[in-house]
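Note that the chains take the letters A, B, C and D in the order they are written out, and that residue 1 is the start of every chain.
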Amino acid sequence: MMHDTKKLLSCAVLPTSYTLSDIEQGAACCVPIPHIQVENLSVSYHGKSVLEGVSLDINKGCITALIGPSGCGKTSFLSTLNRLTDLIPGCHMQGRIHIDGADVTDPRLDVLALRRKVGMIFQKPNPFPLSIRRNIEMPLREHGLSQRSAIDERVERALRDVGLWEEVRDRLDAPALALSGGQQQRLCIARALALEPSILLMDEPCSALDPIASAVVEELIQRLRNRYTVVIVTHNLAQARRVANYAAFFWMTEHVGKLIEFGRCQSLFDSPSHDLTAAYVTGISG
Amino acid sequence: MLKNPYRLSDLLMTITVWFSAALVVGAFFWLLSDLALHGIAKLNWSCLVSAPENAGRDGGIGPILVSTLLILGVALLMTIPLGLGTAVYLSEYSSGALARSIRMSLDVLAGVPSIVFGLFGNALFCIWLGLGFSILSGGLTLACMMLPIFIRSTEAGLTAVATEWRHGAAALGLTQAAALWHVLLPAAAPAITAGLMLSIGRALAETAALIFTSGYVDRMPDSLSDSGRALSVHIYDLSMNVTGGDQSAYGAALVLIVLLVVINNVAASLADRFLSQRITTS
Amino acid sequence: MLARVTGGIALAVAVLLGLVLMLLVRESWPVLVGGGWTRFFVGDGWFPSSGQFNLLAMLWATLAASLGALLIAVPLGVLSAVFSRFYSPGWLIMPLRRVMVLLAGIPSVVYGLWGLTVLVPLIAGWEPPGASLLSAILILALMILPTIALTSEAALAAVATSNLQGAAALGLSRKGIVLGVALPAARVGILSGALLATMRTLGETMAVLMVAGNVVQTPASLFDPVRVLTANIALEMPYATGDHRAALFASGVLLMLIVTVLAWLAGCVGARSNA
Amino acid sequence: MSEVGDSQKIWGWILALCMAAGLNSAALADAQKLVLTGSSTIAPLALEIGKHFEKLNPGVRVDVQSGGSTRGVIDARVGLADVGMASRALKQEERDLIAHRIAMDGIGIILHQKNPVKSLNDDQIRAIYTGKITNWQQLGGEDRKITVVNKAEGRSTLELFLHHFLLKNPQIRAHVVIGDNQQGIKTVVGNVGAIGYVSIGTAEYEEAHGMPIHLLPMAGVPATVANVRAGRFPLSRPLNLLSKGTPTGLSKRFIEFAQSAAVDDLVTAQYFVPLAR
């Protein structure tokens, strides 16, 4: 599964309408326009700070990897972007996050609309205990799509996008939980894609999968580039290197997570500007 | 080898476990076979549909079966929506003062003797609300008794639903109601069904509370505002008040047990169909 | 929206439940303020017609019957749950569970009827009068066994397979897995089942009334007839008036208090084992 | 959202149901429905009489509710019941009601059949119930402990028994306290050393159907239904219907029917003693 990193990291502006196949042909890459702007973000649980002073811009259509040791606030950071932090009792965040110009931290914000725009994939595949079809159809219906043919079309397109269509087309009504781990994770991605988000958050999407399934999902993530802004948490440095355009390195100092370094993936790995980063990416203190 | 010292104690454990299970099953077969032996002579189809005669010694239990089912129906109609609503409230907004006080009063109510519920139902439904001795009063009183059981087990089921699903639903931008309806309630279905069965068992077994609310009349009820005798009240009356009513009492007890099995199965499959239909069909 | 609707329902339920509590207190009020609560714990005994309302003997009887039933039913129930999870041949599991569910729903009148006609005469042949604390304990134990067995089984089933496999991978014997891993992991569930069962033993009326003998006395032996609080209410309520009636309601309040303390204790235990 | 909608709908439906039922029951409370409440002893008999009354008077409904004699008194007094039922004579403070006797019930002492003791005088019974005699040997029987079966506080048979033997309840040293007749019989059946007192009609039936009990004569009078009817048996109680003031309308017709010879068969079938006319 080695890919030509050079090709993947090259950037060009895409035409306004494109399909996945365009991207697969290697036509384009991400654009240096900020999609998510984070300013001075801090997160605390029950008054105890876990993440402080994070500021970074995440570019449109690019894959940004968040790396760093466990417990340094990467997942907390990810959860602020779709306000999933609201669900965690005692969780409080400060600072500003702008997505498409709107302030995510605004308490009056329509959270449901935000989450529809910002999809999320979890570490452990979490398809609902419903049929494969219902897993994708149900959120669509809840977001107001009721036309049978339109739903069927979207279900098929989402499943095709994640390469699951051929595998499950004959058993769409079978329980989703009967799928293998890798298939479940791809279904979760399809479920998110069906809502046509512009941003995808991925929290270690491959860590619960076997190497083969992991490789399939990784390849899928590569294909999402350009069409979606992807933010991915990963502990697999090689994977980050393979898939990401940008990388952000988090580290814990005095029990509080901080953003140490952020930049182009290649430069962060090959010529880190910070000692901690250098040590981590070369495996000395990782 | 390490193994030998464990052999004897392992064997002892195996014997203890088998012995306990056998003891439990044996005791119950004793009970059930006694019931069957005494009651089976009274059972036939006509007894299920005909009316009791001679204070229940002769005749059947048709009207009593109908009343029992109606009382249970009213109780369930009340318990399920109220119970689900409360359980959802308790599990989703659990930190409020209202939630805390409800939870405490539920626990307290679990310890109130059923006869007190009977007197309560009599005072509130029969007299104050003017429903009189009626199937409605009985059902509503039973609902009060079933609510604590049903709410607590449903709440436990909802709380036990994996957070991954909760977060997954939220991440898809689903409303809380949609997450509940499509994911949390179906996922909690086994616990809800179990709570439902426990409640139904309690309702069918209840005697003291019903004597004071749904009453003693063994006529076929015309409406929900008629008084109707429940099967358990019938059994109690036959065994304690009616001279020579023992055999009929055992017969009625057998019917009650069969009824319980049937209702449990129906409830289980209905709950299954209702709550997890989306798993099997589209 | 959802919060408001379910909150409204919850409030309605709370009001309903509050009404039950209010009725209890209102009905027992005359005797509580009239004679003070101490009269329930001092005096010659329970002679309501002469204004003596000492509940202590019945309180002890209630506690003794509950405790005895638990001592029998908890080990047996847990062991039979262990049996169906770890020892039973596969084909036996479902029928066993069916029987348990069935037994959990048998009305107490039926247990009482059976106890009165079968169990009590057996004990009477051994040590008269037969209707006794022992028969009450046995009948109650029989009644709560299914509850304990079913809840324990559910708690055992909820123990993560990975834990059990982990234990097996360490070469633990079946006994070692059960005692060392499964039961400790399931103890909260088992405890809450036992609590549920305790509440049932405290609140049970008809079955105990039929087999316990109903003599108001502090039990000195297992063969002494006793009267529990609930049986007292059921026996005398239909005929009681005035202070007598209020005293019966007050004994209902007492039962409620016992259960509250139990629920609170269970809450503490649950909170501690979660931490 | 649909879940919320559904539960609201159901809730509304239930409320509507309640209201409809409330109106309905108010509408039914006209002259054509007769409500009887009270003594659980009389309830089965009243139910049978009610059924026959309904047959003779089409369109009339008789609802019988049990719950104890005191309940019958209270309900008849406040008007919750058209007619109360009490298996005892009215007490002094209950004289605001009028009692209408519909049958008699004798109370007899029963022993287990294997107990060789065939008769006891009043003093012996008093001594047994106050705990002065504790073994059947002292009364010429076998060496066996006596199990004293007493009734629970408030039951009319207890009051009758205490009154007859000039006892107070706290004096009694009971081993088993029971609620209803059948429990008394089952207790004696299960215990060879037991002594209890129950309704004679019930005991006669059970004895005739093979239950191992026997009735003792009292003051030399055999405990039989015939003797109770003739008024010869010393321990008996009336089964009364209660009315507030002189009964009128449907209540009057029902009470008259319940006192007529037409119900003698029903009374006998419930093992009570018909009135001597």
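Following the convention adopted for this analysis, a contact is a pair of C-beta atoms (placed from the backbone, for glycine too) under 8 Å apart; a residue touches a chain by one contact, two chains touch by 3 or more.
Model, not experiment: these values are computed from the prediction.
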item: Chain closest to the middle, measuring from C-alpha centroids that were averaged per chain; value: B
item: Centroid-based (C-alpha) most distant chain relative to subunit A; value: D
item: Subunit A and subunit C: spacing of chain centres that average the CA atoms, whole Å; value: 53
item: Approximate Å spacing (C-alpha centroids) for the pair subunit C, subunit D; value: 31
item: Distance between chain centroids, defined by C-alpha means - subunit A, subunit B (Å); value: 47
item: Centre-of-Cα separation between subunit D and subunit A, whole angstrom; value: 78
item: Two or more partner chains touched - positions in subunit A; value: none
item: Subunit D: positions in contact with at least two other chains; value: 4, 7, 11, 40, 67, 179, 183
item: Two or more partner chains touched - positions in subunit C; value: 1-2, 5, 9, 234, 237
item: Interchain pairs in contact, sorted by label; value: A-B, B-C, B-D, C-D
item: Residues on subunit B engaged by subunit D in the complex (per definition of touch); value: 54-56, 77-78, 80-82, 84-85, 127, 129-134, 136, 175, 177-178, 180-181, 185, 211-212, 215-219, 223-225, 227, 237, 239-246
item: Interfacial residue positions of subunit B with respect to subunit A in the complex; value: 95, 162, 164-175, 178, 182-183, 186-187, 276, 278-282
item: Residues of subunit C defined as touching subunit D within the complex; value: 1-2, 5, 9, 44-45, 47-50, 116-117, 120-121, 124, 128-131, 209-210, 213-216, 225, 227, 234-241, 244
item: Residue ranges of subunit A in contact with subunit B within the complex; value: 82, 84, 86-87, 89, 111-117, 119-120, 122, 124, 126-131, 133-134, 137-139, 142-143, 172-173, 175, 188, 191-192, 195, 201
item: For the subunit B and subunit C complex, residues of the former touching the latter; value: 6, 9-10, 13-14, 16-18, 20-21, 23-25, 27-28, 31, 34-35, 81-83, 85-86, 88-90, 92-93, 98-99, 101-102, 104-117, 119-120, 123-124, 144, 147-148, 151, 175-177, 180, 194, 197-198, 200-202, 204-208, 232, 235-236, 239, 249-250, 253, 256-257, 260-261, 264
